[in-house]
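Each of the next two complexes has chain A plus one more chain, namely chain B in the first and chain C in the second.
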Partner chain A sequence: MPPKPRDKRGADEDSSAGQSLAPALSRQSRKFANLFAIPPPVKALFDYVPVLVYPPNELPRRAPKPAKIPSLYVFSNKEDAAAGRPSFNPSCLKWQAFLNIAGVKHRLVHSSNHASPTGALPFLLPAASASTSDTSQDTYPIPSNKLVKYAEDHGASVEESSNLRYEAYQALLDQRIRSAWLYTLYLEPLNFNAVAYPLYVSSASTNPLVRASISHQLRAAAEAELLKHSSIIDIDDLYSEADKAFEALSILLGEDTWFFGSEKPTLFDASIFAYTHLLLDDSMGWKEDKLSGALRRRENLAQHQERLLVRYFGG
Partner chain B sequence: MASPVDPGDDLFDSLRKTDPKKLDEQAKAIVEKDEALRLKQEQRLRDLIQSNSTLPVTISSIRLVGVRNTRRSFLDRIFNPIIGANRDTPYTLSEALQEAGSAADKLRRFDIYHDGISISVDKPPQTDPSSTPTDIDIYLQARERGRVSLKTGTDLGNVEGSAYGNLLWRNIFGGAESINLNASAGTRTRSAYQAVFDTPILSDPDKRLSIDVLASSTHKPWASHEEALKGAGAKFSWATGGGSSHQIAYTGMWRQITGLAGTASPTVRSDAGDSVKSSITHTWIQDQRDNPFIPQRGYLLKTISEIAGWGPLRGDVAFWKSELETSAAIPIPVPGIKGDSGVSFTTGLRAGMLYPLSVGFGSTPQPSRINDRFQLGGPTDVRGFKMGGLGPRDGADAVGGDIFAAASANLLMPLPRLGKDTPLRFQLFANAGRLLALKDRGDNTQKSVYDTVAQLGDGLPSLAAGVGLVYAHPVARFELNFSLPLVMRRGEEARKGLQFGVGINFL
Partner chain C sequence: MILELHVWGPAFSLPSIDPHCLAAIAYLQQAVPRGKWVLVATSDPALSPTNELPALRNGDIWIGGFRNIFHYLAQFSSGEWVLDAGLPDQQGADCIAFSSFVESHGQPLIDLSLYVSSQNYTTITRPIYNTIQAFPLPYLTPPSIRATAKQRTAHLGLSSLDVDTENGEGRREPSIIPESLRKPKPTVSNLLAASPETNSQIRLSALATTLFEPLQKLKGKKRYLVSDTHFSSLDCLALGYLSLILVPDLPQPWLAQTMRSNFPDLAAWTEELGESIFGGPVDVSDALLSKGKADTKPIRTSEKGKGSLPWAAPYNGGIIGVGRVFLSSIGDSIPIVGQLRRNTRMRQHGGKTPGDELQTSSSWQTLTTVGSVISAVGLVLGYMFHQGVISLPSSEESEKQGSNTADLNAFGDAGAALSIYANRMDAETQRQRAIGQQLGHGAPVAEVDVDVDVKRDLVTITEK
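Up next is the complex of A and B:
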């Protein structure tokens, strides 16, 4: 107990000393500031140079051509990106579909996670403004969680489903179906070699050592993600949970055109589409098709995917 | 009675109370005497050698004393060629000593012995039936340096501070092989780990082979990213005499452009990700300058040629890269000052080109990436511009170029009163440079290179001039300059006013 008041007094003394010091310090720093201020004749000289300024240098060939519309950075390849075809990554495809539905004009740039400010794709880079050296706020990349706001700000009518059940179903998608997806893509050896490897690994580098390292990282990350939710990875459980989730979604959709009976597809439709399209797309070349088999049995979900693809991806 | 005691006391006192002045004098006298003796001995030896310089001798044995960890087979390669039994003609004494001296010099250059390898000559006892009258024995006395040395410290460089730890293991297999483990962390080079195995080839200190592995991560604020490197390489270097040396190196490097800043430009974003460079580099240096940091006279020529990705090299990038660096200095006589005035004029020229090739045996040349392109500008090359301040820019990012040329002219003058023997100089300089990206001519690389080279001469180059102070520290050159940019391209970043530079290699 005794030391306490003394400590306090000590602190008080310190702070009062600090107060009396503060003006002196600021005077000091002002003096320094004056010392480092540019004297007027030098300032006049600085204003005079450079004497000659030429137009800017051209950019290297790999630099993307400037565009008037924003660029969405996604996992894709050069040809698919140029043609605006669906990305092979569910989170990229979700936002790609969302922007298509919302009618936000954009171009696709095929990229990797390294390019992203958050460490994950997708993100949207707003179109460059007229002045080239502009580094103002509107050239900052927009991460995926801010895309709804961006679309609203840019005049798109975004229909947000206010249904209470929405969150429950979103969770179903984000956990059950995503877990099964992670397992079937990365940890199922047949699919990893046939599907994930060419898409995510071969495209990064031609070097076998680098490829081995990236494969290992991808699989370890998927495993770590799955172990976040349960202590062991039970394959049958993962698939049966996904199957149940598809069943629930199928019942939810029923005979409607879009989920929750809305007029226009919403972000929820886009997130369903992101998985259903990739699972039903024959060009993905699934070798182990338990998950896509479970989806194919729900005909209305397959039709929903077809509908969205035709309407918003032109085929 | 008292008188005989007193002097005794005095003696006792004088023994007890030693006068420091007297001691100093005594010590000095001893040193002087030793020195005189040594000089006399040396003189006598010189006279002896002088008078016997043409005496025919054969070296019957060379003994290296004080060495425990050095391999016999390693030393044999140095000593065998000069031993009498391996030669047809006998030496004269002075030749023999010269040979022994050059062998000692070789030993010194392996960096495994302390400086000061002493040589002594002896005649084997004539009673030994195997000896001939002309035989001499040579004794070399060397002290081995510690086999393991650990060093830690901090470095302050060009806008960079770092801390490092270094472990050097010398003479591992007794043949001057060494392993150097280095770890550092800093403000720009975020982290770097490197292990180098280095060995002389055939006991020749001028032929070296080294193998290294490295992992590092470097912050590159001028282009809003971090570059992570993991790789390995092998180097073979050899000297060809006359200040000229060569190096051939193979490097396999996994580069990752990652950790982009929020403001990173689309050009940097499009280059983000992985790439593997597999390349062979040849470096040739001819350095004839009298001082690398403030040269008075002489010249430097350096060429670097690199081929990456082509043919069997594979990897993800393919190009041919050539760089030339020259610098020359001439002393300027000042009327009224005899001998060297200390005033010198130095000039430098650097140029480089990156010629895109196709990976492997393909036929579509690959446009260059940001980590392969050149950067130009900064206090150690084109002064008066920021780091990477010249060349193509996307927003705030210096994205580099494929072709560059830069030149400088400096007039170095000793400071008044301090004179020319101090490492301080006042300098007047003007330097200029151009850094360009290859023009897009489809797949016609040749045309695009020609057109870009032609563009180097369009208008005046970006140019800056100024005055400054140069300080040549034994390990680096420091410059503090006041500079003004005169000509530039829009977007290029000049630096008006003071600029500080530390480096080994200035333009």
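Up next is the complex of A and C:
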């Protein structure tokens, strides 16, 4: 009996290998793999396992209870999170500003990447629903790319600009300004030691080995991200492109209150604010301020940041 | 002084295989007067300081990267050879924004269509490098370009286009998962899986549309993208990307098809502009000026007239030059060495003062030294244990247990499960023996226990 399934599998292989481009080679490697395969009788036994699947266990008592209002997990520290002050991470700040603009009530929880199911912050843990029947579906964390839909579902009116320039200027922000930001924060040694180290590294651990490893990881990740788009990190090019990008954004904004001449700030305003606020914020303590200097020269962008800060973060 | 523009060699009847090189060619063709520059199909990125092509050479000065070239040209001609000079504010801003947009949305498309898609890569793209590079280099360049392309497109989740990696894993995986936990097989998509391109057709064309639609809208009825009269740097860049999307004749033509069927205006514009800028189809022998044709060449250029490009024969330094490039690209592809080489490249170009560097790198250096010392000591200790120079007091017992489980390991997964039972049984017997001892049997028990637990025997002996 035992040889039978193996024969069948062999026949299967032959027909499929015949279709592929390099039949001889793949057949060879698969034969080699068969040496390590589980013997058929053992596999047949294992196919019955698990005999019974229990429902998932309940959470332990000490697990945090779902709150009455949704919580947004961001990079921050305890006091700032409690006071609802802006996060120091651009992508967290973008969504924090978006939720504030959309009027979705939430509380901030200071956290790190390791807490997130997707491996990236921010994410939103929805409030516990009144009907406890379908809690499991309702309390799944919402990653940042689904936040717009969440805000729409919860009664906020989200205006999406249909302007043809929207995509292009978004690319300008995601490419040029983000690259310059990555360089100036992580790879510029002065700024890394003065700004990024206290925020991301020393807050995470007190162990010097862990700190060294985290800071090395951060810098390596930033470098890898920049090297994806060019074969070399050309610092002058990064800064001059960011300067041009701010110039273009400043022209786009012109005399308007919000971008694309809309009545209310949109997601685009929030994503601009995420960078402009952090670059203009004096408490960040930039040591090498080429990038923030380039931004300060564009007065209307600085005013735009001020306006958003006052209106949606209470000053 | 005649400027030399060094680029990747021609492909698909276009003057270069790289979108940035095409953009630079278009820019120089429009901005710099004829006779002031020549085009060299070097296909050797190691020439330029930023290790990328296009690179511009003016005597001893090398400028790498197309944006740097534009800046340098503006400086060099004191503001004369600039395309974007006369644009009004709003159009200038659009030009900057859309340049970044074309780059960030066009690059993944070209990566997917020319490099990641297995069929296109093996039948078309890889063979092209044989024609534009000297002998040993085509073994290294295309795979490394493909690896970067895969990295850049990894976040799109379209790696299924690359058939080579999928074949092996996909087949073995289901057999390990038990029947009761397996998902039912989607039969319809199995039928569609004849080609991975058809499988992800919807996502691919959606991805392509995000690039084409805003460009089409921006152009509208104008002659060029941002202005009706002004040929800008954005047009150069868009021309570079769009012609590499449109022109190649590939076995999996999803990208060109999407563009032709959904955005016919943009396709027509690209073809027309390409024709007038690049001056008709370019052949490899045109660019490399192969020796046999050298004497007929001057006649041909004059025949073609204004449209054709000012090609000059590449000089690659003979066997020594090719060997140097070969070795340096091998160096880049070795994991740790390549990383070090890249790091030094960034520092050299960054022009940082050595003092800055010392501070940050010294902490890292001490860390690596400490780490290597620890691991060396560990190795020596491990070796001594292995040779039996030092031994722990309870080494005999642990060895016995170790051999037990090692035997079970030979059974693979099942063995792992069984070894847990084995260990537990061992523990159980030990406990029972211990209980037996507590009950206070006499000397014979102590004799039995000798090989199990020497210490306890001593205790019982002293008790007696």
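Basically, the second predicted complex is superposed on the first by the 242 of 315 C-alpha atoms of A that agree within 3 Å, B and C clash if a C-alpha of one lies under 4 Å from a C-alpha of the other, contacts with A are read in each partner's own complex, and residues count from 1 in each chain.
The rule we apply is simple: a residue touches a chain if its C-beta (ideal position, glycine included) is under 8 Å from a C-beta of that chain, and two chains touch if they have at least 3 such contacts.
What you are looking at is a predicted structure, and each value in this text was computed from that prediction instead of being measured.
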### Query
Counting only touches as set out at the top, which of chain B and chain C does A:I233 meet: first, second, both, neither?
second
### Query
When the two structures are overlaid on chain A, which partner does A:F273 contact: first (chain B), second (chain C), both, or neither?
neither
### Message
With both complexes superposed on chain A, which partner does A:A204 reach: first (chain B), second (chain C), both or neither?
### Response
first
### Query
So, does A:E167 touch the first partner chain B, the second partner chain C, both, or neither?
second
### Task
Determine, under the contact definition given at the top, whether A:L125 touches first (chain B), second (chain C), both, or neither.
first
### Task
Pick one for A:A37: touches chain B only (first), chain C only (second), both, or neither.
second
### Task
Scan A:P50 for contacts with chain B and chain C and give back first, second, both or neither.
both
### Message
Taking the superposition on A as described, I'd like to know which of chain B and chain C A:A63 touches: first, second, both or neither.
### Response
first
### Query
For A:Y186, is the partner it touches chain B (first), chain C (second), both, or none of the two (neither)?
neither
### Summary
Overlap of the chain B and chain C interfaces on chain A comprises residues 38, 42, 46, 49-50
## Note on the structure
chain A residues touching chain B in their complex are 38, 42, 45-46, 49-64, 66, 71, 73, 109, 111-112, 114-117, 125, 128, 132-135, 139-141, 204-207, 209-210, 213-214
### Task
Spell out the residues on chain C that touch chain A in their complex, using ranges where they run on.
45, 50-52, 64-65, 67-68, 71, 89-90, 92-94, 96-98, 100-101, 103-105, 107, 148, 151-152, 167-168, 171-172, 175-176, 178-181, 210, 214, 217-218, 342, 345-346, 349-350, 356-357, 359-360, 363-364, 367, 412-414
### Query
Any idea which chain B residues touch chain A in the complex?
254, 256-260, 262-264, 266-267, 269-276, 278, 314-316, 359, 367-370, 373, 391-396, 399-402, 435-440, 459-460, 484-492, 494, 496-497
### Query
Which residues of chain A touch chain C in the complex?
16, 20, 26, 29-30, 33, 36-38, 42-43, 46-50, 164-165, 167-169, 171-172, 174-176, 189-190, 192-193, 212, 216, 223, 227-235, 237, 240-241, 244-245, 247-249, 251-252
